[in-house]
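The same chain A turns up in both complexes below, where it pairs with chain B and then with chain C.
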Partner chain A sequence: MNQAYDVSHLLAGAMLVTSFALLYQQRIGAVLNAFAVQSVTLALAVAWAAWSDNRPDLFITAFIALVLKGIVIPVALHRTVARLGIHREVEKVVGVGAALLVGLALTGLAQALVVKVASATSGHAREELALALSIVLMGFLMMIVRRNAVTQVVGFMSMENGLILAATGARGMPLVVEVSVAFSVLIALFVFAVFVFRIRERFDTVDIEALDRMRGDRR
Partner chain B sequence: MIHAYQLVVVLPYAAALVLAAIPGYRLGAIANVVASLATLAAGIWLVTGGYLTGDYAIVDEFNIVFIVINTLVGFTTALFSASYIGHEIETGRLQPPFLRFYHAMFQAMMGSMNLALVANNIGLMWVGLELATLITVVMVGLYRTPQSIEAAWKYFILASVGISLAFFGTILIYLAGQPALGEGVPAMTWSLLQAAASRMDPQVLDLAFIFLLIGYGTKVGLAPLHAWLPDAHAEGPTPISAVLSGLLLNVALYALLRFKMLIAGQPAALDPGPIMVVMGLVSLIFAAFMLYQRRDIKRLFAYSSIEHMGLIVFAFGMGGPLANFAGLLHMAMHSLTKSGIFFAVGHIAQAKGTQRIAEIKGLSVTHPRLAVAFALAVLAICGMPPFGVFTSEFLILTTTFAREPWLALLPAFGLLVGFGALLMRLQDTIFGEPVGPAHRVDASSVPMVLHLMLVFAAGIFLPPALVAWFQRAAELLG
Partner chain C sequence: MTRDLVVQFLAQGAQMTFVLLVAPLAVGVVRKVKALLMRRQGPPLVQAYRDLAKLLRKESVIAGSASWLFRTAPYLIFALTWVAAALVPSFASGLMFNWAADVVALVALLGAARALLALAGMDVGTSFGGIGSSREMMIATLAEPAMMLIVLTLAIAAGTTRLAGVADYFIAEPFAVRVSLALSLISLIIVALAENARIPVDNPVTHLELTMVHEAMVLEYSGRHLALIEAASHLKLVLYISLLVCLFAPFGMAPATAGVGGWAIGLAAWTAKLLFCAALLGVWEVSIAKMRVFRLPDFVGIAFVFGFLAILLAFLTRGVFE
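On to the complex of A and B.
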């Protein structure tokens, strides 16, 4: 029993570490690799929950996370970046040091908040929830401090990873995990199809700064 | 045995599939109207069909109000769109294949919104709202101009973040319900959750409500989470602006109100009322001042939507049968009036070939009938008698005044500020020397006139049956 908790905490903790790794990468390729590692870790965590809690339906979630978020999307994004020839460096709004410090503060906040508030729920779910909330907030942070459209999407998908982890931690939550994975995949495909290419087509860049000039009221 | 609640969800989705297969855009537009009319019929049947609480669906006084408004405005918008969208092909802003996509997506969006409304499951409701959001994101970017892509991108990012936070809140609600209701579907079912609210952990509910408020509040367009709203309204096709303002904001508000009802069942949890009052007031007053600086006519009315959603959230935040009644009524009136205004704005944009307020002048000379209709619609949204918006605004202010006299000054102040801005803009567009081109308007004025008449009729006389129905819904809200 305790071993099951230890392994799930280990995997959730590993996901949090990759969240930090996402923040300090200098090159877009490395960001995508870090995201792939996070998604594979998520797949492992979900599979572990499926096995240890005896919930076979979660294996589907794990499989989707592994194949689509761990392999297909990172590969597709790598190819997109290569094809579009966009800047290989990550464009930052805030430096690495400051971003990591804020990330650390957010993690502390998430732990304090969830552990204090959710004292009634079982310990297992509680700590997993705290880790998941940290990952969600880190994804949020990444969307704020990175300027490029591709890195923003990665930040968003990393946020989704945190949400799926949280839903897995909530024992017996029906259907929602599968649905949310399906959604994140839908969103990712949609982003490829609609935005990355069109933004490139219209602006010759995927830098979000260029978009800010297009606000209707500022003409 | 088919029940009407199944029809309001299944019909639009089925229609979406059919529309995706219809190649000609004229035929598609007609099919879109027919499908919307069928959904409206199902929505009206739902009113007479009685209430029900199933495993996955719930129909009560409260959500029927939303469903009827949803199907009604969906139908009139389809009608407007059918006559409007052909013009966009002529001017070359859209190609026929895009219209096929547009019609299919329109029905899918209506189906998703109805799904969110009838769902008796917090997860299913989230799915419906998320689907509707994603579809509107695609619709906003339909014209593929740099501006519309920027608007769609911003909408996508902000709405996704909002919807993700709402999902986290949903998980927390499940965790709160789990000890009382056990694992699995029951702990996600509205009706059961609400009955068990007093046995839930208040602290988990508090945390969940904060996430849900920020998450769904983003979709309602509450300041300071409103940044996506004006862009999305201004850059998308006009029928989509009408649906966004008239319906999607309501559906998000519906989700928020359901959770408010849930939290209210646990006295030890925080009181959502004051938080909603403050957020509503901030949105109302902020948007009222922002109205003065708008140069784009659709953006102007997008800010007016923020203003009115603020007022509605304020009313529900005050709570109590009377304020809830006024809030519901105002929501219905705002939906009808604002979508009517967007229809009129669509006409104006076609007539003048622009959305810039500075280039729209002298409508009363070039398009007298359109000018009268637009003026009446704007006066209605300003809360002038005898229109229905006046009734609801008056009710909100008087109930507030009866309970918290000083607090009533703030919404009154916000409404006056907004009134001034809209009147100023109205004067600019209606009177003065006509400038620029004056095209013939092809779009049908039936939907616009219909909405105006409904709002007018509601201002003159509210049928007792309707009042009784809204009162029961207001009581459910607590």
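On to the complex of A and C.
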């Protein structure tokens, strides 16, 4: 067990913990802060990988993660929340306990899956991949259990955090793809922001349950 | 051979006595730190000893509806907790009881003490005792499985459930950051806060009807019975701090082969760590508010989640799934 491996594993584990924090928090402001922490941890993890594996191009990835997702997006979302006037709103989730249990099950699923699928790879890459896949699944879960449009955006971004972590561990994603993904995420944020305001204009709320009526399956 | 045995016996006896004697001091440190941070003078460090002495002198009033259980429970609770505290390696890992210092046994002893306390709380038939017991059990149903998960995580890492063995393993192992251990540390801290009725789970100084858990159960006790229960709760605090220290910061602890000199170093290190952790607890308690009772399952549930994550990661590292 070498030090480089320990630290990267620790940072990836910390990201998974923040994923659980995202599920646990009830206030929107706290959710956004947890997301910022996760992104900064991602930046640290990527920077550590860049330094320890001597792959300087990853520093750019780390920098993008830090600036865009650690600072710009959380600040923008905080502003959106403030403008919507929902910063004190306590969100009704499925129930924290149930969400956390489902999250645990998903983590177990991710690990079992990665062990089966990627049995040829080394232990290190496999663990990193398992953690990244759990973070992606937790992002999915967050998009499912949260009903507020802003926290849905956070779930999406947190999923993307997991993807970047996976790309770092698997030594795959070339820089061009990396940069374009980062920018498409940023564009997605703008789209989401416009979308959120449109939802509110139309329904006077950002609770996406109101969208059910648009589909026609009125209860 | 005989001399060795006598030395071993004396060392174990000294450990038990020392744990018992230092426990009220640890509680005193927590209170003093809390008071100082609130810019109060606070009770002197020896106040906990004085309280115990006062209670021991006083008459014990027993409700008319109390059964034998109410009278015997304090003695049993105290004995169980003391034995449990003796099992945790504090300053040396080679003491006499260490062959029995299995973490599972430790959890069982504490669980038995808790069951007795909950029964005693309901025995007199007052509503407060019942509410305290029910809340205590609610917390315990979440904290105990979390504790078992932590234990199993450490057992997987060290290859043994013997506490002394785990401590020896971590002393020998070069320092390494591992996610599963970090997660179990957080989890164990939450469990320790819940089990010791500290903020944010329970407030040890309040007697407010709506919030008290531990105090509600022991409300009917007085005199020497109360003194025993208080001493047991002090011991439990020291036990959990020793457990945390022995598992996650065992440096300075005398190894199994050490002589009296090693024990002296171990004793000094352990006392310092104990008082440091007590001071940290004081800082923690000042900086956080108590949670609503209905929020508690979520908080203690985090301990369970982290324990589960820790064991999953430990499995993954060792490739158990294959």
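Following the convention adopted for this analysis, the second predicted complex is superposed on the first by the 195 of 219 C-alpha atoms of A that agree within 3 Å, B and C clash if a C-alpha of one lies under 4 Å from a C-alpha of the other, contacts with A are read in each partner's own complex, and residues count from 1 in each chain.
Here, a contact is a pair of C-beta atoms (placed from the backbone, for glycine too) under 8 Å apart; a residue touches a chain by one contact, two chains touch by 3 or more.
Not measured: the values here are computed from a predicted model.
In the superposition on chain A, A:A98 makes contact with neither chain B nor chain C. In the superposed pair of complexes, A:L109 makes contact with neither chain B nor chain C.
Looking at the superposed arrangement, the partner reaching more residues of chain A, out of chain B and chain C, is B. Contacts of A:Y24 after superposition on the shared chain: chain C is touched, whereas chain B is not. In the superposition on chain A, A:F156 contacts chain B only, with no contact to chain C. In the superposition on chain A, A:V117 makes contact with chain B only, while chain C stays out of contact range. Comparing the two interfaces of chain A, the one with chain B and the one with chain C have residues 119 in common. Residue ranges on chain A touching chain C, taken from their complex, read 1, 3, 6-7, 9-10, 12-14, 16-17, 20, 24, 96-97, 100, 103-104, 107-108, 111-112, 115-116, 119, 123, 126-127, 130.
Note for the complex: chain B touches chain A at residues 123, 126-127, 130, 134, 138, 141, 144, 146-147, 149-154, 156-157, 160-161, 164-165, 167-168, 170-172, 174-175, 178-179, 182-185, 187-188, 201, 203-204, 206-207, 230-231, 234-235, 293-296, 299. By the touch rule above, chain A contacts chain B in their complex via residues 113-114, 117-121, 125, 129, 133, 136, 140, 143, 149, 152, 156, 159-160, 163, 166-167, 170-176, 179-180, 183, 186-187, 190-191, 194-195, 198-199, 202-203, 208, 211-212, 214-217, 219. Of all the residues in chain C, the ones that touch chain A in their complex are 176-180, 182-183, 297-298, 301-302, 305-306, 308-309, 312-313, 315-317, 319, 321-322.
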